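Every chain is named by a letter (A, B and C) in the order it is written, and numbering of its residues begins at 1.
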Amino acid sequence: MSAISVQALTKRYPNGFLALKGVDAEIKTGSFTVVLGPSGAGKSTLLRLMNGLETPSTGSISIGGQTLDGKQLRSIRAKVAMVFQQFNLVDRLSVITNVLTGRLAHRSWVGSVFYLFRKDDMGIAQEALTRVALLDKAWSRADKLSGGQQQRVGIARALAQRPEVILADEPVASLDPVSSEEIMALLREICDRDGITVVVNLHQVELARRFADRIIGMNSGEIVFDGTPTEMTQSVLRTIYQREGIEDDNSLDMALAYA
Amino acid sequence: MKLVDTTPSAVPAATLPPKPRNPLPIWVAATLAILWLIIIDLDISFEVLAYGVADMGEYFSRYGQPDFSDLSRYLALMGVTLATALWGTTLALVVAFFLAPLAARNFAPNPIAYRLARETLNFMRAMPDLLLALIFVSALGLGPLPGALALGVHTAGFLGKFFAESLERIDNGVCEGVASTGANFPQMVMYAGWPSILREALGYVLYILDRNVRMASVLGLVGAGGIGLALHDTLRLFEYGQSAALILVILATILIIDYASAWLRRRLG
Amino acid sequence: MTTVSTWRWPTPDGRPPLPLLAGMTVLLAMLWLTAPVVEVDFVRLAGSFGKMIDFAAQMFVAPDWAYVPQLLAKMLETIEMTLLGTAIAIVISLPMGILAARNATPHVAVYRVTRDLLSLMRALPELVWALVFVSAVGLGPLPGVMALAFVTVGFMGKFFAESIEVVDNKAVEGVRAHGAGWLQVRLFAMLPQALPDFVGTVMYILDHNLRAAAILGLVGAGGIGYDLVMSMRLFQYERLLLIALAIYLVVTVLDRASDRLRSRIIHGKVL
């Protein structure tokens, strides 16, 4: 049973834009998959569909055998953690409270509404923060941290969920190269040590090559490549990054020359 | 080699797009016309006003000697007024706390709850507090309690709308961040909602408290306790000295509350 | 730490943060102390529910349709009072705003005096001013318009003053550099920058003044207020229902219009 299974998935937004044009994929448990592609390829949409942040127009998604639909949303979201490009932390809350929001789906909501948490939840949060090396910042306000640190808090929040899957939507797009390296290494380490399935959206080809077990290339809402980094040749990259309607793409050639 | 190419281009210069019509003069003219019609319809006689203004000087001088002999009673009444405003604001806060998230598009669990909450808040806002005070007085009898209830219900509508609008302005990403962990409605509200708007919310509460102190001093006119009734009586009996004293007491209190709330808002922001 | 309960707050000591606790305690203490003053009596409240239901039931009688013409006339009067009072106030508050702005006032003393004057004008609720003006110029809509204008000047004057104080100085210097006179600088460099916020504020003021105008009749200053109170006092529920409905409709229409206008401005379609 795959960790994530996606069948014939399409997504048309209310404004008419067809973001996904029929996508099939099986993500193996414990694997590290990178989704690569240009802007507008549908990478974000695919990931957000897997977490229930968007609903598909047609097709189905199942996580660990459980089909994703409205009623199961909370229990599935408990299993599937998400890391965002803009970190999406609650600025005014402390780092540890942000991490604790990862525990919200695991308890009945009565205590959490009063900001009360059980000791074992606090323990899990502490563990997660130690894992991302930010325990000393536990009581700081989330918005007082640097970009790289905030993303680590985002990952800690994801870890606090004790998830089966971590989805990362362009997690390093807003970060400098050093922080990017740090974050990708952290995600890879989590995948290796904890056996958590990780799916990451990236647009940096180099990072994809270095960290992924498997690369899914997307262009214009379709999967155009599915294989290992070594199978990703220059011509494959061309297919992934080609732009519609532009025959002699100078920019594409230049970018690929340095990829 | 020329650094700047100054040869005239082969393409003729584009003509300016047609000048957009400026609607402003029309609006101004229409407004003036409407105002003129209103003056006629309300039968506002500038003569009366002119005489009034002339008289006004003499009239206001009658207030020149405030009579503070009953000051302790006035202060007691003002105290009742302030307490009424406090209770009213607290009631409004409690009601708004529960209704506002339902009335915010990005938090409401379903469209029906959203519509219902919005309409309820609108209804509470539209009913003048005076009318509500009248109704509560007829049900509870005279005194400050119906005033507090009236203020509470009416301003709950305002506070609820302010809160809901603030909640709707929260960055979508923050809400998604919390939602992606599987949080349900109450959790979303408590973690992504209120913390993000705390400063604004406190500002609104202070504003409403300020407003309620003003309204509370007036609700006494319909028997809902407080200093308004005293003022009404003294004016009706043409006791200008005492009226002046009452007005000054009300004025002083409102100014103090204004300063205090502005100071508090500065400390928060 | 095993004696501590298993529930904790996400703070270093496991307890809620001090400002929160202090604030809540102060608030609850104040409420507790003032409860008898406000005659808060939950028993009495519970008991009165019956009366309120009765009242609500009594409201739903056949409306007094013969009253409609007078109702419409009074509502129109209320709306007119609102518009006129607000318009007059805006005209007066423009020069007042200039005088009350630190960067536009001719002299610091003028600035201080004007600011205090505006503060006083808006301190008292309209109804109090209406009471005063009624005993000065008699009954009718005139004292109502005056009361509305008076308080609105207090508010708009301050608003203009604050808008002028935050204008971009570069524009002012630009106009000044071209030799513009005192008044021209204010008219052409300062005021236009304050304009976009102005429309939103006017909508808000109209909204507020309409509600205020609806009750000024209570003291004889015109509008529907008098009929409102009288119909309560005389138990004329068939009229009260119509009055409440009329007020609700007018206020709601203005509310929606103002919302829509404000969102159009925010999205840049007007101005």
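Definition applied: a contact is a pair of C-beta atoms (placed from the backbone, for glycine too) under 8 Å apart; a residue touches a chain by one contact, two chains touch by 3 or more.
As the structure is a computational prediction, the values presented were derived from the model and not from experiment.
Q: For the protein chains shown, what form does their contact graph take: line, ring, star, complete or other?
A: complete
Q: Which chain pair is joined by more contacting C-beta pairs, A-B or A-C?
A: Of the two interfaces, A-C and A-B, more C-beta pairs touch across A-B.
Q: Could you please state the distance in Å, as a whole number, between where the Cα atoms of subunit B are centred and where those of subunit C are centred?
A: One centre to the other, that is 5 Å.
Q: Whole-Å distance, subunit A centre to subunit C centre, using C-alpha means?
A: The computed centroid separation for subunit A versus subunit C comes out at 48 Å.
Q: On a C-alpha centroid basis, what's the spacing between subunit A and subunit B, in Å?
A: That pair's centroid distance is 45 Å.
Q: For subunit A, what residues touch not just one other chain but two or more?
A: Those would be 97, 115.
Q: Flag every residue of subunit A that touches subunit B in the complex, lowest number first.
A: Where subunit A meets subunit B, its residues are 51, 53, 73-78, 80-82, 84, 86-93, 97, 101-105, 109, 112-113, 115, 154, 157, 161.
Q: Spell out the part of subunit B that touches subunit C in their complex, as residue ranges.
A: Going by the criterion above, the answer is residues 31, 34-35, 38-39, 41-45, 48-49, 52, 55-56, 59, 79-80, 83-84, 86-87, 90, 122-123, 125-128, 130-131, 134-136, 138-140, 143-145, 148, 214-215, 217-218, 221-222, 225, 228, 231-232, 235, 238, 247, 250-251, 254-255, 258.
Q: Can you list the residues on subunit A that touch subunit C in the complex?
A: 94, 96-97, 100, 111, 115-119, 122, 139
Q: For a test of understanding, state which residues of subunit C touch subunit B in their complex under the given definition.
A: Residues 27, 30-31, 34-35, 37-41, 44-45, 48, 51-52, 55, 76-77, 80-81, 83-84, 87, 119-120, 123-125, 127-128, 131-132, 135-138, 140-142, 145, 211, 214-215, 218-219, 222, 225, 228-229, 232, 244, 247-248, 251-252, 255 of subunit C touch subunit B in their complex.
Q: Residues of subunit C touching subunit A in their complex?
A: These residues of subunit C touch subunit A: 6-12, 16.
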